[in-house]
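Quick one: the structure is below, and I'll ask about it shortly.
Chains: A, B, C and D, in written order; residue numbering restarts at 1 for each.
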Amino acid sequence: MLDIRDLDIYYGKVHAVKGVNLSVEEGELVSILGANGAGKTSILKAICGITKAAGGQIYLNSKDILNMKPHKLVKQGLGYVPEGRKIYPLLTVKENLMAGAYHRKDRAGIAADLERIYEYFPILKTKSKVLGGNLSGGQQQMLAIGRALMTKPKFLILDEPSMGLAPSVVGQIFQIIGQLRKEGMTILLVEQNAFHALTISDRAYVLETGRIALEGSEQELKNNNQVREIYLGM
Amino acid sequence: MELLKIAKVSREFGGLKAIDDVSFSVKKGAIHGVIGPNGSGKTTLFNVVSGHYKPTSGEVWFENKPIHKLPPYKICRAGLARTFQNLRLFKQMTVLENICAVLDESSGVRILDYFLFLNRVLRIEKETVLKAEKLLEDFNLSEWWNVQADSLPYGVQKRMEIARALATNPKLLLLDEPAAGLNHTETDELSGIIKHIRDDLGITVVLIEHDMKMVMSICETITVLNEGHLLIEGTPEVVSNDKQVISAYLGGEW
Amino acid sequence: MTLNKVAVDKTANERMDNQAELTFSLNERKLTNSKSKANYWIAFAVGVGLLLPFAANTYQIHILNLVVLYIMLAIGLNLTMGYCGQLNLAHVAFYAAGAYTSAILTTTYQFNFWLALPISILVSVFLGVLIGLPSLRVRTHYLAIATLGLSIAVNETIVNLDTITGGPVGITGIPKPSFFGILLITEYSYYYLVFAFTLLLFLFSRLVVKHGIGRSFRAVRDDHIAAQSLGINVAKQQILAFAFSGLFAGVGGVLYAHMLSYVSPDTFTFNEMMFILTIVVIGGLGNIYGSIAGAVILLILREWLLQFENWQQVLYGAMIVALVVFMPGGLVSIKSLFQRRKKAGSS
Amino acid sequence: MNGTVLIQSLIGGLGIGSIYALVAIGYSLVYRTMGLANFAHGNILMVGAYIGTVFYVSMHTNFIIAIIISSILIGILGMVMERILRPLGKMDLIYMMLGTLGIGIVLQNLAIIIWGTDGIAVQYPIKNEPWVIGNISISPYTLVIICASATVVLALQFFLHKTKLGLAMRSSAQEKEMSLVLGMNVNLMNALTLGLGSVLAAIAGVMVGPVFYVSPDMSSSVGIIGFAAAILGGFGSIPGAIIGGLTFGVLQTMVATQVSEWSQVIAFVIFVFVLIIKPSGIVGERVVDKI
């Protein structure tokens, strides 16, 4: 479904991503792991068109999306939950969700999806008229995921959904991600919290200073000492 | 001996109590951890202690003097320095300038010296730079001395923020999530730095941290906050085995 | 981590000290090198500045006087705005305070110029501190409009106090100062007076920005919350920045009044404020050399545009837009501009 | 000040105040979206007033049609301005200030070249014989201004809160990158906002024409007070802009009936004192520095 070839990204003089190859099959949950500054977020931003890549190709459903304007990508079925959540602080919860449906025209479908998201996250329904900025961190993360789902994505990208959340909330968020995967969503997940991410992933890539250092299935990576030492801290 | 004493401190934001009647104290020479789930009021507590927020009620005592009515810069001059959760560097200044800007406060140059073009300005400048150099050396930052703060690697920025706080010559250092965003090697280095600050420089350290492994390994006492209340206080063993803490902090599934 | 090493024993500590000394002396060498180079350039510029009047006709010497005066005004504004980050739109009010105080003292009260000068400076510095007070409570746009509003209020006050200030007509017949018996009556001789004051204030600002005060200013500008928590008295620095604005503008105002022998409220308008601001921004915020370049270029530009008559102001506005859009870092960023272009071309 | 004068200046103040409110909303809208204090806003208002006046006075168009034509042209002007200033979007606010200022200078002097500096007197579009109730006389046109401004504000609020485009404009104002990823053309939204803010200025400019002269001086007088009103209420807030505008109008009119030549000075000094007491404006949320 997603196919990245020889991706190169520069920030000024810094070569942040160096010739990365990466693919995600339909229905898979793939994680990108790695320490801070390894280039994980850069890859996601390049997929979403926010960061311009210096070289390489990105195909989504065999369509070259590398030079597509970001505001046109959403129609390709790309849902994005950014690092730090980036919810709209001055819009209500409902307005935040409706903003996700901006590009859609099917009123009935939008209403149905809204209900579905309220089922996933009942707290969002009870707080539907509260300003996004007044939610707690965990609730904001749920809102960010809900907003991405409102775009009716075929392919969902999550950037550090556990960042800055208490462990109990992290568990809840990962449970929901796992559930989405079971319902057939294709997901690309970026995480520092390697243990949690690996538990729900089919496959994972481990990034080290802009290069892919390791790649494999959940089991392979969990049993690989190298990952353990550097990333799992066990 | 109690260095810092927090007595029945509360702070409200528009009716919402971010911290509610919290009391505890920090012993001189301790490494003291403050933990708790997100939104439990840890950073607010730090902001009250460092004077950025005034407490709605309650008092903060430092070296047996009340400090909760002082402006932040006076609290700092009393010997209490801090770092921030989201780095707050002087972004457009070099590493050396960041440190010097802090050292200037105690350097003794008067405004009049500038008006009279006194050589004193240049002499003290030399002393200041020398002091800054030593501090940079101690924190392994010398190679970065002439780099603008916002173009430093993240780990170096964090280290520099700690060095800068130490330039105020504090008795107590408050660290707000020093390990956030660091990888494991960097976190281990950080633990070493914190121990160095306490053991060799004799500075008491209070830190807020999410990285439980680090907190448990370096702190002697830990205060747990939950929803603005103080939940429990004790040694890492006591805290990590407390049922209340486990259910409130770690969630049921752990 | 080196610091674990440091902690171990005394000899290690001593070694570190030696190392620190070493690095320092290295840095010191770098600094002194660039310092002496800069000193040569300044000496050269002063030499050129002293000789320029000999090559200027009566029209050019007038422009030259203005250039040097605006350099002083721009550096003063740059200290508050570029270094300390305070959006000060009242600089022109301090300018007016200096000019009017000296004008009133030397005409109505027959004061000697050299006596009126320090009093006028004190008045404008005092006004600077007064108008700077809101900066302790309000920031950014709020501070901009607060200082702008007070600046308008000062101008209207001058217009309304017509018994003292001459109202909208202004004050004429302001005497020329004399210097050790030499009456500085021509613009040629007056040039050296303006030049001397500008040079003095430039050297002062150079001392300030390179050392403690400058660093404290920039710390306040970059992050006032961090600055506070690190023991910097932010309020004091901000008021000091406004006092500097008052000082530079006050001296400028006095020199302006005696240069033209005439002051009126029309000089100290919003447009004038924006002209000085343009010099500072186009030259480069937080760079005193930029302010010098900005004053030279903008005054020459303004004179050159006169030939386009009605279209002069239109072109002037368009050029400001173009300069800000294409060269946002100011003139001092020209070097990095080329670098950026190259990068944009390569990617 | 006796009761009659009080009520009369109150109504007069609300009239001019609702003009200030429209101008202030324009400032606030643009600020919230682009983080931009638009120093050309006053000049835009002046050009809008001239365009409306040209159609109304010289070409004898209906007053409302004149407002609509002026709004459309000025709306386009606003969108063009966004395109010119776009590169400054990520810069420090001083650069944007200077950029807008430059555009303001261009507009100002183009207007002087085209229409001269004299100013044009504009007839009232309705019969403006004062209504006398007891001792109080009220100009009907003042009431027209108040009602028309209120209608414009209600329409604006409906647009921003009840339409999809309004939601997109508000979203883009808060999180640009995210809005892009959600399919919103953020640049277009910025352009629309600047256009919309300019339309409000044009409406205010044409409406105020019969009360003042239409002249190049309008820019600074109405422009700066509109900006101050936006700040007074709380920059970026629409209710704040309305409160700020009305307050400034009433304050100015009341002071002017007492000591006319000092009205500006007193208004600005009071304004600064309000800011010192409440640094983020009247309805602006108290800024608790996020640490």
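Criterion: a contact is a pair of C-beta atoms (placed from the backbone, for glycine too) under 8 Å apart; a residue touches a chain by one contact, two chains touch by 3 or more.
Chain-to-protein mapping (UniProt): A, B = ABC transporter ATP-binding protein; C, D = Branched-chain amino acid ABC transporter permease.
These figures come from a predicted structure and were not determined experimentally.
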item: Steps needed, at fewest, to go from chain A to chain B via touching chains; value: 1
item: Centroid comparison with chain D (C-alpha atoms), farthest chain; value: B
item: Euclidean distance of C-alpha centroids - chain A vs chain D, Å; value: 42
item: Rounded Å distance, chain B centre to chain D centre (Cα mean); value: 46
item: For chain B paired with chain C, centre-to-centre distance based on mean C-alpha positions, whole Å; value: 37
item: Residues of chain C whose C-beta touches two or more other chains; value: 225
item: Contacts with two or more other chains, residues of chain B listed in rising order; value: 52, 84, 88
item: Numbers and ranges of chain A residues touching at least 2 other chains; value: none
item: Parts of chain C lying in touch with chain D, wherever the complex brings them together; value: 81, 87, 133-134, 137-142, 144-146, 148-150, 152-153, 156-157, 159-160, 225, 270, 274, 277-278, 281, 285, 310-314, 316-321, 324-326, 328
item: Interfacial residue positions of chain D with respect to chain A in the complex; value: 164, 167-168, 170-171, 174-175, 177-186
item: Touching residues on chain B, where the partner in the complex is chain C; value: 50-52, 71-73, 75-77, 81-82, 84, 88-93, 96-98, 100-102, 104-107, 109, 111, 114-115, 117, 121-122, 124-126, 128-130, 133-134, 137-140, 142, 145-146, 164-165, 167-168, 189, 192-193, 196, 199-200
item: Parts of chain A lying in touch with chain B, wherever the complex brings them together; value: 35-37, 136-138, 164-169, 171-172, 230-231, 233
item: Residues of chain C that touch chain B when the two form their complex; value: 1-4, 6-7, 16-17, 19-21, 23-24, 27-28, 203-204, 207-208, 211-213, 215-216, 218-219, 221-223, 225-234, 240, 286
